[in-house]
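Shown below is the structure under consideration.
Chain lettering (A, B, C, D, E and F) follows the sequence in which the chains are written, and residue indices restart at 1 in each chain.
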Amino acid sequence: MGASDLSSTVVRATVVQASTIFYDTPATLDKAERLIAEAASYGAQIVVFPEAFIGGYPHGSTFGITLGNRTAKGKEEFRRYHASAIDVPGPEVDRLAALAGKYKIYLVMGAVERSGYTLYCSVLFFDSQGQYMGKHRKLMPTGLERAIWGFGDGSTIPVYETPIGKIGAVICWENRMPLLRTAMYGKGIEIYCAPTVYDRKDWQASMTHIALEGGCFVLSASQFCRRKDYPPPPDYVFVAAAEEPSTDTVVCAGGSVIISPSGQVLAGPNYEGEALISADLDLGEIVRAKFAFDVVGHYSRPEVLSLTVKDHPQDPVSFTSTARTESTPK
Amino acid sequence: MGASDLSSTVVRATVVQASTIFYDTPATLDKAERLIAEAASYGAQIVVFPEAFIGGYPHGSTFGITLGNRTAKGKEEFRRYHASAIDVPGPEVDRLAALAGKYKIYLVMGAVERSGYTLYCSVLFFDSQGQYMGKHRKLMPTGLERAIWGFGDGSTIPVYETPIGKIGAVICWENRMPLLRTAMYGKGIEIYCAPTVYDRKDWQASMTHIALEGGCFVLSASQFCRRKDYPPPPDYVFVAAAEEPSTDTVVCAGGSVIISPSGQVLAGPNYEGEALISADLDLGEIVRAKFAFDVVGHYSRPEVLSLTVKDHPQDPVSFTSTARTESTPK
Amino acid sequence: MGASDLSSTVVRATVVQASTIFYDTPATLDKAERLIAEAASYGAQIVVFPEAFIGGYPHGSTFGITLGNRTAKGKEEFRRYHASAIDVPGPEVDRLAALAGKYKIYLVMGAVERSGYTLYCSVLFFDSQGQYMGKHRKLMPTGLERAIWGFGDGSTIPVYETPIGKIGAVICWENRMPLLRTAMYGKGIEIYCAPTVYDRKDWQASMTHIALEGGCFVLSASQFCRRKDYPPPPDYVFVAAAEEPSTDTVVCAGGSVIISPSGQVLAGPNYEGEALISADLDLGEIVRAKFAFDVVGHYSRPEVLSLTVKDHPQDPVSFTSTARTESTPK
Amino acid sequence: MGASDLSSTVVRATVVQASTIFYDTPATLDKAERLIAEAASYGAQIVVFPEAFIGGYPHGSTFGITLGNRTAKGKEEFRRYHASAIDVPGPEVDRLAALAGKYKIYLVMGAVERSGYTLYCSVLFFDSQGQYMGKHRKLMPTGLERAIWGFGDGSTIPVYETPIGKIGAVICWENRMPLLRTAMYGKGIEIYCAPTVYDRKDWQASMTHIALEGGCFVLSASQFCRRKDYPPPPDYVFVAAAEEPSTDTVVCAGGSVIISPSGQVLAGPNYEGEALISADLDLGEIVRAKFAFDVVGHYSRPEVLSLTVKDHPQDPVSFTSTARTESTPK
Amino acid sequence: MGASDLSSTVVRATVVQASTIFYDTPATLDKAERLIAEAASYGAQIVVFPEAFIGGYPHGSTFGITLGNRTAKGKEEFRRYHASAIDVPGPEVDRLAALAGKYKIYLVMGAVERSGYTLYCSVLFFDSQGQYMGKHRKLMPTGLERAIWGFGDGSTIPVYETPIGKIGAVICWENRMPLLRTAMYGKGIEIYCAPTVYDRKDWQASMTHIALEGGCFVLSASQFCRRKDYPPPPDYVFVAAAEEPSTDTVVCAGGSVIISPSGQVLAGPNYEGEALISADLDLGEIVRAKFAFDVVGHYSRPEVLSLTVKDHPQDPVSFTSTARTESTPK
Amino acid sequence: MGASDLSSTVVRATVVQASTIFYDTPATLDKAERLIAEAASYGAQIVVFPEAFIGGYPHGSTFGITLGNRTAKGKEEFRRYHASAIDVPGPEVDRLAALAGKYKIYLVMGAVERSGYTLYCSVLFFDSQGQYMGKHRKLMPTGLERAIWGFGDGSTIPVYETPIGKIGAVICWENRMPLLRTAMYGKGIEIYCAPTVYDRKDWQASMTHIALEGGCFVLSASQFCRRKDYPPPPDYVFVAAAEEPSTDTVVCAGGSVIISPSGQVLAGPNYEGEALISADLDLGEIVRAKFAFDVVGHYSRPEVLSLTVKDHPQDPVSFTSTARTESTPK
């Protein structure tokens, strides 16, 4: 379907600002269903969850890592975190697909993905007919994340063409990567999802800039977490804080927001609490904005500046035949 | 088939001088069919339409652009203009291909092409068996056109070898670009189509010069438009004119013409109204003319003057795998 | 000189928010000197002027251009605008170099450059010893600018290594071009100058984002112009306005700002009037910021995303010997 | 089934340190059953036998080979060795499968495989339900082994996904092949079996290193043989020794060992005699270890170093149709 | 001196339409002086003579050449033609330089140049202070010209920067060579001289087209010759004509013309007789025209189409030392 | 010089087990000189220093990083750490080169390299004539190191052919990367240097295994540090420890060792204190060992297992011309 067909389309979008139920993936999925159901009851056609909503973002943890050392306690903490992550595909993915189909929404879900013994910060995409479409893996984790999450590659930076526009996701500080954003623009992204757990005010500047630069709608979903959303000590210790935070201390303040291609804030930012933030996206705004600035179209200079995206999978080991492991017949 | 085989061939050619039905692409296609049918009834083997016949040339408009500003009204005007353009390939291209096959003509059609959110001033080529052959995108728009159209590259300056000669197109003031013309000569162009909306008398000098310089037939098709071919105000306002033109005011006066390789005017120029301008092209004239002057042959000095044409596509973003966006399964 | 040597350096920077004296280049240069002298008296080591400060930005003008037409009046307006531009090198460049040396400042000056009959929106760089260092030409003009300015190429996107840091400039909406910015980051830019005439509030979001993305200081100098800074009608007509603006009407509202690598606004934005906006840049902030995010260093993924910059000059005509035209001996 | 499901699983493993009954395959199989039964009685879920347990490792023999010659006696020796080997599949394989099912163990058995007139040093895998799963053929025999065994290919380096973890085997000095080990890591091996007949002390360093490198359990089973386990002269002559060893001389000293993913020795090494060496494998150790180092996950650099495994069968003659030979109708 | 300095300059230009006095070079020079004096008396600042004015254009001659043969008579005819040509430099060049100085005009003179035994169709340039500036040699003679004239190279296609604009010359059908014209545009030509002896009407189309294409003034000077300007038979025989022309028959009908950068005919074309054709060139017209179309500036696409001009001398024999011949001391 | 020429060569090698003088790079260089002088006095021909000897390994520090946060104190700590690193090339590199030349040794030096704002854990190589040869950058930092060091690429994994054998280095846990080691083997490494700061006992197993696997000498140099080698609190705080260590507490216990290609420990391991550990390397041992096992020679199976090393530099931004930044003339 061509771009023009969508230019008079209005899409109701909801970004979810909420916290994982830490170390309890089934309960987190139940919470996801309640939030999806509520968004759908207001007519949402696309629902975007924050980074690592499933699996959780271990704010303030060090996993016992210091330079040159790892504590046994930190290793055990990682084992539990690894256990809270989900296989893709797997039963949790099946449940999310079913939810998308039941509530007839496009679902963009942040999740910690388990692939063998390496975890990835991923975003999963589901269509409104209940199909799992695919995933984005965070290309470059930030700071200590590099010690708990692996690195995605160019094969998992998808943009999906759907009846409500072209959808993709860029996670947290990946949004500061100009070449990654340009890859997304090159794929024609129209509904640019930015799941995050970054709650500083400068995030708003980046979101506005990206909307203008990309000529796309930006939907940023951030977690809103209090201390009590994590297990009590000693199961979970906030070593980052000078003193252990109190139960209601805000650990991640949200900041979810929806911005139009002309840089207008349509909803949010919300720094108050858990919330559903919704807006109607007039897709015709895209063409009006790109008239003045089309980052990979009339405003590009490919003969001077050209980006190459190596979007094949990069594996340390490749097998010329397809099957890696053989299963025991049952 | 080599050039010599064509030297005793006579080809009946028709250039169409007519106006777009502005903001109404389906009606414009209907009009195209009527004109093609009429040309075919007179035996035309090739029919050339003016620049931007599909999509339209917004004479006298500014799209609300001044230095440092764009009006909201101008942006909306662009959205409607964008909606009138066509995807290539796409359903309108399919219809044009079918027309070429039905009437057994080679069809050279000016069209505003939509590629994502950037528009191009393109010319589409179809063979007499109903196949879409390819397109030329205007390399360098003129003046304010640079604010509404993107820039083509070297990958879309084709010349097609056909049983009725080698066919290509150069649009409007591109005809003033000596290096682009030389690229066409280098590709062996024999039937040089020059779709335009430029109606000044100096155009005739350029057309004659090109026929002589290139040793080719020149077929220039221009639009003939009156004020009434555009929507009435306030839907469309001629800001260029001191006062709003009256209904019958001529906005573009045509000037379509057919010229032989020896510089002889075979038909036209017509400045009277909408018309079909036809002539029989004796392809043997080409060899007679090139005997004296062959611009890329015996009259060239490649050891002194050499042109390089970079004719690969130039994209701001390249992907090492082929598929850019993935579609949702239906 | 390596980066570490600068990490304890503090640089006093001034951005100039002022208007061209339109159609009067000598007077504009005089005004430049007054502003430079004042900045130097406060200890400025680098002074940045707005886009097109020399030559002027013809706000609200159309140069008589509509689609398919140009008025004689518009052509004459261009002739005068062309006469106000400066050759590079040339006498005005010599004067600017002398000013930089006299006041011992690094000077970054927006100017309309004349190269034959094509104009470029350029930024000129001068060192504190009175040497002209080179220039940046705007790669892609915006909207109607494309009808009055040519297009720069990859050979004029310099970053200069100086004792006060690595200095470069990106003009107006070029700042929305992620690949151009990445080229600047790749060159190690530390003092990122953003001359502009764009006075909308969304500019602040882009400036903050770029400081964070690039881990550099951003110095944005915008013009502040009132109607009276332009010649009175009929010499200059604001066709953009519904009615001719009054003498004191603000035509360009400034918005000049200085931002640190961590996204902190150090000075400005100023939307009040002509002004010198100054701040002390603690270059050690760069390394503190890049510790967390180094866009072309530890936070890049070159094996997935790689940018190629074609930074050789691109000319339509190349001569194998050096001299193009010969001068008559005097 | 995903990795996490196993993270709280404990598996009891036994490695068998014992000698073949040389030139007597049925007796060797009887001995295998006795050892399996004993291991199972202690609760073993997986039992690993040494290299060439079935068929035997002809320590000290030369098979009459010198450079440029082979003795008739050596040829006859090979005939007898060939006769002691087993076809795969074949009746001995069926018996082994039945044993695995009867004792409900996963069985990893070293065997000399006969395929026509070529022998292979293979390892056979059986599941606890009595199914033969497949085999690994030693890729690269060592020294004189190359004169009696063929070379495996990439189609026989399996890793099997089972309810007690992913199981594979690497034989003797194959364990020094970093690319083969990486292939096994790439297949996700968790229970890394290392059948051998190599009894030097440096073997322990390699076993520890592999556990650390691969983040897997290493189960090394070696033969423990005395002179008397071989036929008396002249049926079997130890030409390698200066003088014929006495009956109780140790010919292969064992060294079987079980090591955890963090490099901790769980059982062994045993250099004393025939024995069953057992340990409980806490599979949760794997994730704790890989948190710090995941050789094909977060600690790989596929964009720099990539291994290609050609794991299709490599045959000297290929046929374009699938059936190689036609069968005579019965 | 930059282009802008000339934008308010008006230059009076004269093109000379006259005939050589055949086989009488001194008389031809006398005639040239009379014509220059007359032009100067009307205020001409630049005077342009036709192709081969000195030396003559042997209309209607074959020099006895047929395919495979040359007659002795033709050879003798060439000897006389060779004798009428001039060395450059040489006494005739000195005289022409003196004339330019005396009458304070820029002089552009068509001449047959003798270089050893090869002749060239050249154009000589002189400044108003009496200096010979240099020459252009016709790159590619037409038809039978190739049998009497040599071929120029890239080292003799000059454009001279002068106080009255940038001056160059392109001879006769060289004007149909798009790459040569582009080389001249690349050198910034402003006063484009087109000496010729081609008198067909289609010449006017080319002259107009070039003015538009190049954005320059075009000054075309053609010969106007009658039969009586040549020696009577048998000294000169018009073998081309069916019958010997009568005394007053027009052999070359002129067509000299002056055209502005916007394609406006300022003077001529004259097909009546010998004449001085003059016009005042408002150099400001150039910038007004190039505002819309600058063939090597804003309207070029160098990243797609680029011309290389090899403008070094091309000699069949090169010497590594600079002096080719040694002079005898006087 | 080929490998055989070295087979009767004996090389005296020294590995240095010592601590950085933290935050004091000049003093660390002074200490390096004292240690080199001492080693040279005993006849050492090659001297290997530990990982990060210059710049230091910040044991026990977190740089204020927790998931989702960085403290201002941590940023300042990084700024100081960045200041202690060295540019390559740069004055410290010049000094090291001079030391190698003065003492006529091959020098292998661990250093924290500063490249703009990203640091790398590098090893520098110098020859005995005082030339800097090149560097290896750690490919994959471990755990929290990923937050302070960038990632090397395939262009900096050198092996240098010298008169004392082929020398390369693999840093700390890189030694667990089988593909990287295989790359080194593929380059023919003979003197395999393994600088580290890892002091656990399992390191010895890896060192022995690598010597056997690679058939090379392994020279492992580790730091030996006490608390007092670091600045006292609050300048440096061991957050990893439950309580601040006392002055003499061992922070890194060394373990430096030299091992032969047959797995024999020639010197060390030393866990006692700072020391020079030396051995004579009989290079003939290499060929004796590889006779049995040549990992990239006769014992490889390239048709099944093949490693690809992408050893070109990988930069996020490439420029088609060579110079990135221009320097101000001084």
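Just so we're on the same page, a contact is a pair of C-beta atoms (placed from the backbone, for glycine too) under 8 Å apart; a residue touches a chain by one contact, two chains touch by 3 or more.
No experiment lies behind these values; they were computed from the predicted model shown.
Peer 1: Name the chain pair with more contacting C-beta pairs, choosing from B-C and A-C.
Peer 2: If we tally the contacting C-beta pairs, A-C comes out ahead.
Peer 1: So, comparing C-alpha centroids, which chain is the farthest one from subunit B?
Peer 2: The most distant chain relative to subunit B turns out to be D.
Peer 1: Let me spell it out: compute each chain's centre from its C-alpha atoms, then which one is farthest from subunit F's centre?
Peer 2: Centre of mass proxy via C-alpha means gives E as farthest from subunit F.
Peer 1: For subunit B and subunit D, what's the span in angstrom between their mean Cα positions?
Peer 2: Each chain reduced to its C-alpha mean, subunit B and subunit D end up 74 Å apart.
Peer 1: Just give me the whole-number Å value for how far the CA centre of subunit D lies from that of subunit E.
Peer 2: Centre-to-centre distance between subunit D and subunit E: 93 Å.
Peer 1: Take the average of all CA coordinates in subunit B, do the same for subunit E, and state the distance between these two points in whole angstrom.
Peer 2: So the centroids are 37 Å from each other.
Peer 1: Roughly how far is subunit E from subunit F, centre to centre by C-alpha average, rounded to an integer in Å?
Peer 2: 75
Peer 1: Which residues does subunit D have that touch at least 2 chains other than itself?
Peer 2: Each of 154, 182-183, 185, 292, 295, 300-301, 303-311 in subunit D touches at least two other chains.
Peer 1: Please output the residues of subunit A touching subunit B within their complex, sorted ascending.
Peer 2: 2-4, 7, 127, 129, 131, 133-134, 154-155, 158-163, 166, 182-183, 185-188, 215, 284, 286-292, 294-298, 300-303, 305-312
Peer 1: Which part of subunit C faces subunit A closely enough to touch in the complex?
Peer 2: Result: residues 139-140, 142-143, 151, 153-154, 173, 176-183, 185, 202, 204-206, 208-210, 212-213, 263, 292-293, 295, 299-301, 303-311, 314 of subunit C touch subunit A.
Peer 1: Give the list of subunit F residues in touch with subunit C in this complex.
Peer 2: 63, 70, 75-76, 78-79, 82-83, 85, 87, 90, 114-118, 148-151, 153, 310, 314-321, 324-329
Peer 1: Using the touch definition from the top, list the residues of subunit C that touch subunit B in their complex.
Peer 2: Within the complex, subunit C contacts subunit B at residues 57-63, 65-70, 143-148, 179, 197-198, 239-240, 252, 316.
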